[in-house]
Each structure stands twice: as C-alpha cells, then as structure tokens.
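Look at the two complexes coming up: chain A is in both, with chain B in one and chain C in the other.
What follows is the complex of A and B.
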C-alpha cells in the first residue's frame, strides 16, 4: 500500500528511475533506497511531488558494519500521513555527494551539518562554514559523529568569515553571544544603514553540547532523560518524539489511557510556552501590565504541571511504553477546574492586548516573513502557520486529535501580529483539547506497558509548541542506540528570522526575535 | 545667607531626587500586581556604585572620564535655578531658557562619551538621543515662551511666585509632561527597565560606564527628573515659596509621580520613528499654550 504508487509518481518525473529497494517497516514510513547517482534527482522529485521541504537530512557512520556511510533524506507527505525517506550508501574513501542546496535551499543547513560532523563533502555547496563547531577553538578535520572519533586532535584553527555588506553609511553592529538579558547565547551581526537592517547574519552553536554523540551507546531508558534535556522548554515534546521512535522500533502498542495523557501533557507544555511568548512580546514593547499578567498565568500552569506530575516542566513524566504520571479522578477535577480559570484569565489578557492601540501599532506589519520565503527556507511549525503554511503534525498524524476535532491555527500575514494570533488561538484550542482528552481518560486502564528490546530504526515525531520535533533513532538488538538524529524546529526557523527582520529597524529586532521565540539549545544540540 | 540657601537647595535635590525614581518604580510594580523593590532602592544602587571600582575601556579618551562630571555639574547648576525655598537663588545667572541649554550641555557630553569608546551600542544610543532631543528642544522652547508671555519675563523667580492657574498653564503643563517622559527616558519614548540593548536610548549611552561614573550619571538623571517634576508642579499647582509648603510641595509632586507611573504601565513603547509624532504633539500643545498666552486665557 502506498509504496508503489509514490514510485510511479517519481517515475513520471524521472523516466528511468529504478530504486534499489522500497521498504515499508511501519505504516507511516516508506524507505526508498537508491544509488548515489540518482539520489539528488529523487530528492528533488519528491520535493516537487509532496511540496515538502526536506524535513531532515543526515548521515550515519556504517563503516564498521557495511563499509560505507549512509545518507538519509526525509520528506513529509501530509496528504497520506506518512514520511518518505530516501537513502543511499556512499563509499568510505573520500566521501562526498552532490549538494542539493542550490536546488532546494532547505537542505543547505543539513548539508553543512553533515560536512562538519562526518566530513562527508556536499559537492557544489556554496557555503561550507562551520555551524556548531567553531574553528577558532575546534580544529578542522575532527569529525565528532564518526564512530572512531574519541577526542579532538590538534590541527588548523581559523577565523569565521561573516558576509560583508559594503557601501556608504553601512555599519556593522555585532551583538552577543553574551546578552544583557537572561537568554541563550547567539551572535547576531547586523549590517545597518542608519536604523534599518540591510542584512542579518546569525552565528549559533555556542550551546553545542554534542547531544547526538551523547545518545550513542546509551540504553533506551537512560536516553529518555537525555532527550528531556535537549531543549528545556520543550522537554515533553522531545521525550515524546524520542519514545515514539523507540516504541515504533520495539513494536510496543501504547494503552489509550497513555495516549490521552500524553495529549494532555503536550498541550499543557504548549500552553505555558505560548502564554510565556505572549508575555515576552508585551515585555519587549515595554507594555508591562499584560506582561506581568501573562507571567501570572504561566506560573499557574507550571503549578498545575507540578500538581499533576510532580514536575513543573514535565520532566520524568514520559517513558517508553506510556507515562509515569497517571491522572486519577481527583487530579482530573483539579485539571478541569484550572483550565476553566486559565481560560477566563487568558481571555482577559487577550482583551487587554487587542484593545491597546499602542501595542497593536507595534506588532502590526512588523517582521513580515512571506509565505514564499518561508516555504523555500523550510520554515516549520508555529512560524510557518503564521505565514500561511498549513502544516501541523497533530492534524495529519494523530488519531486522538482527529477524534477531538482539532482545528489548526492559521494566519496569512506573517508578521508579529500573525504569530501572536496563532499563539492565542492555539492556547484556546489547547484548553478545549485538554477538556476533550480528560473526558476520555479511563480509570481502570493502565497508563504504561513494558516494551521489548529490538533492533531497527524508526522516525519518532511530535508537534511541540514551536513545531515538529523529529527523532530518527537506530538501535541494536541489545537496546543500545547507534545513532539518534534530532531535528528541533528551531534549526530551520532561525533562517526565517534572518529574513523576517530585513527592512525593519534595529530597535524592532528584539520584538521580531521574541515573536519567533526560537531555542538556542535545540538548534545547537 | 544666599550661599547657605543655595547649598541647602543642592543638598535637597541630591537627597530627594532618587526617592522620586524609587516611588515611580514602586507604584508601577504595585499596579502590575507585584510587590516591587523598596522605594529606597535607588539609594542602595547609588551607594553600591559609589563604592565600586571603575572599569574604563582602553580606547576611551579624557572625554569619557570627564563626561559624568560635566553632566552632574550641569544638573546641579540647573537645580539652583529652580525656585524652592526662595525665588530662584541664582536667577541673576540665568533664566528659563538657560535651563534648556544646560540640559543640552549635559546631553551633548553624554553623547560624546558614548561615541568615545567606539562601542556600537553607544553610537546607536547617541544617535537616537540626538534625534529625540532635536524634537524635544523646540517643544520645550515653546513651553518657555508661553510662560514668558504669561508672566512677562523668562526669569524663573517670577514664575515661582503663586499665580492663578490659567488655561495656558494647564496646556503648557501637558506639553511639559510629554517632554518630561522623553527627557527622563520613560515609556512611550524610551524604557528604563529594559534589558534589550538594541532598543535602548539613554541606557545605551551609559552602557560602558561603571562604578562612580555610572553613579554620577544615574544621580544626574534623578536630579533632572526632579527638576522637571518641579516645573510641572509649579505650572499647575502654583505655590508661593513662603508659608506652610512642605506638605503641599510633596503632595503635588506625588500627583506627578502617580501620573508618570500610570502612563508607563498603560501604554506600550512606541516605534522609534513614531516618537516624532508623540513629540510633535507636544510641540502643538506648546503652540496652543503660546496662543492661549497671547489671548490672555
């Protein structure tokens, strides 16, 4: 099912297309194995057929097992609720492949990552500067995600070259990585003509911890805790995506009780982050009353989290095979009562914001990200929906959301106001969803089953509050993780920010930045 | 005798000025349903800064070190022009117009010092401050003219005596209130509380300062604010400087403190270039005040 028909479509684009193998290990994943010669064309064909930017593009070091590197490229097919992976093996001597970046921009960052972490060269890539390993301190030709990497060998160090804008009255303003507020580390290099921004170049990677390497050779269970720490404000979404991958590999089917509970927690995480983001937007325009109000609502949600699960940030809640924190009848009443209060308070907050002329003036038409730009960059999640890209994993991939009549938020204008509106309608929708899920919670059913250990690889995913969180995991029969590729929505969306601020004035940058509200940790891994 | 009064007035300004900032901040926090810091926090900050070592950039010239003293002495000079205990103690030295240009002197040196270290934030702050002050000064001048027309003199001591509140004074006071928001770097023009270096105006100019120099700059800002509050108070709640005035003096300043706090929590900061509209409005109000003065209402 599904498999041959997508092959036929590719054949329409490439007449002599012959895949080496077509596998369908899970109902929502198709794996097309191709030879390196047709890899690029196959990816571009899928890009056109599915209207999908590349969702993930990553390498595996299989030299010990099979004497080659493997490259996987994942596309999402919303229409049929499935993921399509194109993979190829490339020889281990002098590894390289034809770069996709020039034909499909969204592959660009992933290719830089492959080059930096594995030393596999994307041939013809226009920009191979480091992303996360800064060559001022990290010697070249040290490829940490190769299996034989142990520790950094000394070698050539070099400086980073920023792209320069030259001309009369153009100034460069470097900001960060140390900032005045308590935010993550990132370097922003503005080229400005007076106040308007001509160019913004981001340099990230300061929070690189080698997370993907840390996953390697870890047991399933130990790794759940690690996935919660990848990006602190999305710890539940990350652990959900990770456990999803493991559950697919081990063939564990989750009790419905756990599925609903996960829905509740995922939405709670979305709610506290969205209200935090709304408060942040108000803070950044100096509108302190609603900002203070939003922080009160956020605190109420965090306290609710703590009462339901014992953890304010929903850590140590999720586990493989289900959830550890069950919601019984008393907790359910606490939950429903809190949601009622939160709804009322939130509507009050929204009223204050919408009725303030000075506030609306600041957010309207500020930091516009056009739909075409967003699509080309592969922008995902909340930011994409604000720019008119109708993509939400909850709508297309999840049974319980379909059952609850999930309505996806959508805006067209792509400015700060649109991103604010998406947050507001998602918060309200989350309240409704939690009520729906809570009504379906079942007193008798267990919230967790024991999984078996199996070898295999699978893609786990969850729609966190920023957007889709992807975990591609490969495990060996002993339950040790061989490779874990993480894609946080921030990774693709940072590029969107660099385009959204163009033409805006410098003092509006913090506002644009806050409306994107991206993660440094999730990007830097 | 006069010298004692001048010294007393200077001490009064130095001692009381930080309290006003503390009060505004406390009020703002209470409105936002927060406990807020103590009203004496600005004093603690000053004491802390005065006892701290100073870090000066290697590229800074003498201007950077001199600027805080220039700014501070400018504000002290301005303070002596204000009628508090008696009609303007140094009124022979300068009039209302002098006040505007004494402020400008301080600002000029702050901007120079901000450029001196070569940091990008200092430059941005200085350019924005100059942009805003170019809009503030014409409006301020017009306010002064309206007072001049009303009292027949730009001498502040005339204005210091009790006088009937006219339409002209009230309109001028509104214009002066808007100017005060801009001059004291408050919302909607600037934001004192922000940590976002890219949006700062006045704070960006002071970013490179530390220790005693920063303390002087902060104290100067407090004194400037107190001077402006006094002027507004004298316009709308005029009082003769003899008699039982301490309570009345404090009460009318409190009214202005409350007004500033309310404005600051109830609107968002404007886009930088929209400040021109805001101060343009202040200019128009000041113009109306002049017209009222000419008409004698």
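What follows is the complex of A and C.
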C-alpha cells in the first residue's frame, strides 16, 4: 500500500470513499483502483485537490484476460513529483461510463477518442462526433483499438456536421486540409462577421495512421523506431518518453552518462524547434530577414545534431537502457564551440526582432489565451507557461535539471508576444543547460545497459519542446506491447488555439497558429 | 535597421559558409540541377508539396532545402502555394484514409503536363505504417509516380541529388 495521504484527502471530499486497491509500483506513480460508481467523483476530487487537468484518459481492452474493459485517468501531482492514476473495470456488454466532460472539460476529447476507438460510450457527453476516424471514409461500428478488430467492415458512411454560427452577415471560410505552405494537413473552419473571427472549428485527424494499434504486439526494441516517427519534430522527446516507460517496467537503471546525454539531446531538439518557431512568427508578419536568420541558426543546430549522432533529427539515438550515440572529448568540444556561436547568433536575432516597432505591434496583444481558459482546456507545455500556468516536467520530475539549477520560463499575458518570450528564454536556458550537462559527461562510464524483459505497465514521460509527451505502456512477459497510449501536447493545445483566435482577424490567424506551433501528426497519431 | 545591416555584412553569403565538403557537394549538385532545369523546363520547375500523413520530418527537410544555406530557389526550383501553379507534385506520408480524396483532388487540380515525386520512406510503400488499418499504402497505386526520394527523412542534399538523377533521364 502506498500514498495513504492522498486517500485521506479524497476522503475529505467524499466521506464514504473506499478504494478497491491502492498500488504504488514505482516511486512516481500511484494507482487507485475504484468501482465504476465512484470513478467520476474520485476523478473530480483529484482534479480539485491537485489543480490538475486530466493528463490522459484512455481505455484498455481486457476482455480476453479478465472479461472487461479498463478505463484509466491520469492526473499530475507536481508538488510531490508523481502521477496519480484512477482506474476502473467496466463490463463488456454495452460498455459505457458517466461522462466527465461536463464537470471537467479537459476530459472531453479523451472521451470522444475512447468512444470512437473502443465503442465505450461516455454517457451524457455533449458532443460525440468523430475525431480521427472520419465518417466519410470509415464506417461507425468499427472500433480499431479493440483486440478483436481485424479490418473495417462495411457500414454506413456519413458527413461531418460542423457547428454553425448563423445570423446576418456571417460567413464561413473553410481552409485545408491542404494548406498553402509546406505543412501538415488539417481543416479549419472560420465563422466571420466582417473581419473578426467569431468561431473557429478545427477538424483534424487527417494524418491519422493508427499508430497506437501499430505498437501492439511489437517487441520493445522494434517499437523505439516507431515512437520516433509519431511526431517528426519531437522524435527525441517521443522516443525518450517511450523508452522511459519500458525502462520503468523492466526495472532498468540508466547510467548517469546516458541521463546527461539524453538531457543534451532533448535540449538540442528544443533549440532547433524554438528557433524555427521564432523564425516562423517573423515570416507570418512578413519580416523576412530575421526569418532567414533564424533558419540559418536552425540549420546549424541540425548539422550539429548530425555531427554528434549521425542523424539530423536525433532518430536512432535512443534505445532501451541508454543512448547509442556517445559524446567523446572531441565531440564535446564541437558541441561547446557550436553552443557559443549559437548563443551569439541567437542574441542578434532577438535584438533584430525586439528593435522593430512594427513587429512588436503585430505580436503584442494578438491571440490572447487567458489563464482560466487554458486551465479549463488542460493546455500544457510552453503555451500553458505563456498563459501563466507554472508547469514544466523538467522542474518537478528530473534530478539532473534540479542539479543544473533549471529556471522555468513564465509569462502572464498569454498573447503571441508572451509565447515568443517563453521560447526565447527557453532557448537561452537550453544553451546553459547543455553546457552544464556537457561538463558532467565523463569518458569512462558506458552510455547504455542491457534491460531484462518483464511484464507490467508504466507511464513514461518527457518534457518535449511543446510540452509533456506521455507514453503509457503495458507489456506482457515476452516483452510484447499490449497497449500503448500516447499523449502529445498538441492534442490538448489545439483547443487552446480555437479560443485564442476569437476576436482576432483572419490575417492574424497564421501568426496565432505559428505561435502555438502545434503538430498535426502528434495530434492525429 | 542597424542590426539588420550589421548582420547582413557580418554573415555574408551563407551558402558558402557551411562545412567546406558539404558546400562543394551542394554547389556541384546544384549547378547541375540548374542547367538541367534550364534545358528541360525553360527556366524553372514549380513544385507543390502535399502531406498525406507524414510525421513532419520530411516537411522540415523540404523547408530546410529552401533556407539560405541550400537555397533551392537559386537553382530554379520554386515551391508554390496552389496545385494550379505547379508542374510537379511532391508527396510525403503513407496516405491516410482521410487524405486519399485530398491527394486525388490535388493531383486533378494540376494543369498538364504534370508529374509526381514521392519523398521519404512512408510515401514509397507506407513504410513503418504499411500494415495499419488506416493507411492506403503506396502513393504510386493512387497517382502515377516518376521518382522516389529515399530517406527517413531525406536530407536537403539527397533531395537535390535525386532530382538531378530524374532530370537526366527525362
């Protein structure tokens, strides 16, 4: 038994609360098993106690093993550096559960996902339209994440109903899925009165590739490569979260050398994406010189990645038990030398941007996402930090970041400028962190160990550049993956964008969109 | 403004400043590409890119090929915003079910003569996602393809070299 104080706190909210079981398999995870009758109340109680939105809510098909479906809901407890999972079993006939979405909005998208992937109905959910399986091409009664799903059976196809805004002078502007730039696919539907946007509906899922199903029945090792291709610009954060889950299950302890190396690579990934995003913001206000300048810095970091690891996007670097690319003394000098140049160039870029009045005018007070909205939606990562939510897994969950004196970036105003400022200070902080980590690398220690295969389930996580990337993995004794639930920060943050653009004009949409810089592939899985 | 002028002078022409070996390769491949495009297309080749469900790494490399370091545009290649302006369609990703119609419509919207190039391992045959319930698989079964650029993702130099190989044959 573990975590009795959290049970006591839940009892304060629900006097007759009795959990079926409380498990603590890992120091940073507590699992509370409850009956379906109290599941909703327990989740709502934790939501209030921890001030945490739902970090993940997902189902498992356990019908073959135990004759039921299992629902897990994960909350983050920053104060005690741990994750709290509430789980329940629900019977396999006409599966359903009481929807949380009306009391806790952040559960809404996850429940729609459970409905379309498993056919488990969240009763009382206000909006059960499809997310990723578009009904124009996919018949409704096919639930791909059920274990007995083989291939789509034919059935009724239907059109998607966009929510409509009606009235005098209101018109709709549909955009996508094929956009004008070199970018992923997604559909945006603006309802506009005059110039200002009064509603934006996002329809995503165009890049859905069935990633979670593909993980199933794969061996640990084979699946690392797949995790790197879930979201191409966060391939290291994704492989890190995945390997973290597997390492927890197998009880592998990672050599410190590998921990520092992973820190270096994670920050390099953050740097090239942040500078890319800053350049994108400049592009979208038509300020081409700093945009070109930023792309030169990005290219320099990609080339540095290639020199250190042989891969520009840090693919094939992570493995279960450590990293495959060690940084020796020569490479360390290359790394530190490059960081010095990058810092200088980056500071010039910032100066160019800040000294342009017309640029500052465009980004200031544009696309505001208020803190309250962000909290309700469960917005995470850098978008959350720009709206005043002080959350960063690196600060609360990582030993090496504490040791390096990590300072979390934070802004209050929630506009494009705030997001730009967060990215600028995170880039600068990343440079400092890499220098700290590099100083702690040593020549003698190995950069990986061999893990053992074990059965179990665990949550792996990493703070990628967009925000927390979560991998909940369940594996059998042979090391085959039974279920892999992925939560990319984009999944929660896209909703934030739909609110941030309200009242802004359509020509500012690209600017707002780029300041959020979300992934289509990571959202669509 | 003063910062822009200062940095313009300090940076110089960046296409010549990356690793000397790589710079030479890019220049050699690029001038070949330029003369091929001059010969076969008059002056320029206009490409429309479409993502049919890629992870985003291929897009990142295609964008990188347009940055000041590689600067594909100086060899005569333009990436355009509409299929109606394009000679060539560059397809990435394993073609998810949701993108099938969009891919066909984009291809149909292009004026003749036109051709299709696939970019990245997913677009060849579905790659890692081949066996998925939601992936249509090879782009070449949907629209006619004349060239595949291999890689996961292909580097900007690889993109230039593959285009050269194609244009030499054509």
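The rule is simple: the second predicted complex is superposed on the first by the 523 of 525 C-alpha atoms of A that agree within 3 Å, B and C clash if a C-alpha of one lies under 4 Å from a C-alpha of the other, contacts with A are read in each partner's own complex, and residues count from 1 in each chain.
We adopt the following convention: contacts are C-beta pairs under 8 Å (C-beta built on N, C-alpha and C of every residue); 3 or more make two chains touch, one makes a residue touch a chain.
Keep in mind the model is a prediction, meaning the values are calculated, not measured.
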Chain B versus chain C as contact partner of A:296, first or second or both or neither
both
First (chain B), second (chain C), both or neither touched by A:351
second
Once the shared chain is lined up, is A:312 touching chain B (first), chain C (second), both, or neither of them?
second
Look at A:367 in the shared chain and tell me whether it touches chain B only, chain C only, both, or neither; answer first, second, both or neither.
neither
In the superposed model, does chain B or chain C contact more residues of chain A?
C
Would you sort A:181 into first (chain B), second (chain C), both or neither based on which partner it touches?
both
Which of chain B and chain C A:195 touches, first, second, both or neither:
first
Examine A:119 and indicate which partner it touches, taking first as chain B and second as chain C; both and neither are also allowed.
neither
Partner chain in contact with A:173 - chain B first, chain C second, else both or neither:
first
Please report the chain A residues shared by its interface with chain B and its interface with chain C.
180-181, 289, 292-293, 296
Of all residues in chain A, those that touch chain B in their complex
171-175, 179-181, 195, 282, 284-289, 291-293, 296, 356, 358-359, 361-362, 505-510
The residues of chain A that touch chain C in their complex are 132-134, 136-138, 144, 149, 151-152, 177-178, 180-185, 205-211, 213-214, 225-226, 229-233, 235, 276, 289, 292-293, 295-296, 298-299, 302-303, 312-313, 315, 348, 351-352, 355, 519-521, 524
Touch list for chain B against partner chain A, complex:
28, 31-34, 120, 123-124, 128, 187-188, 191, 193-199, 264-274
In the complex with chain A, residue positions of chain C that touch it:
3-4, 7-8, 11, 14, 18-19, 49-64, 67-69, 79, 81-83, 93-94, 96-102, 106, 122, 127-129, 131-135, 152-153, 155
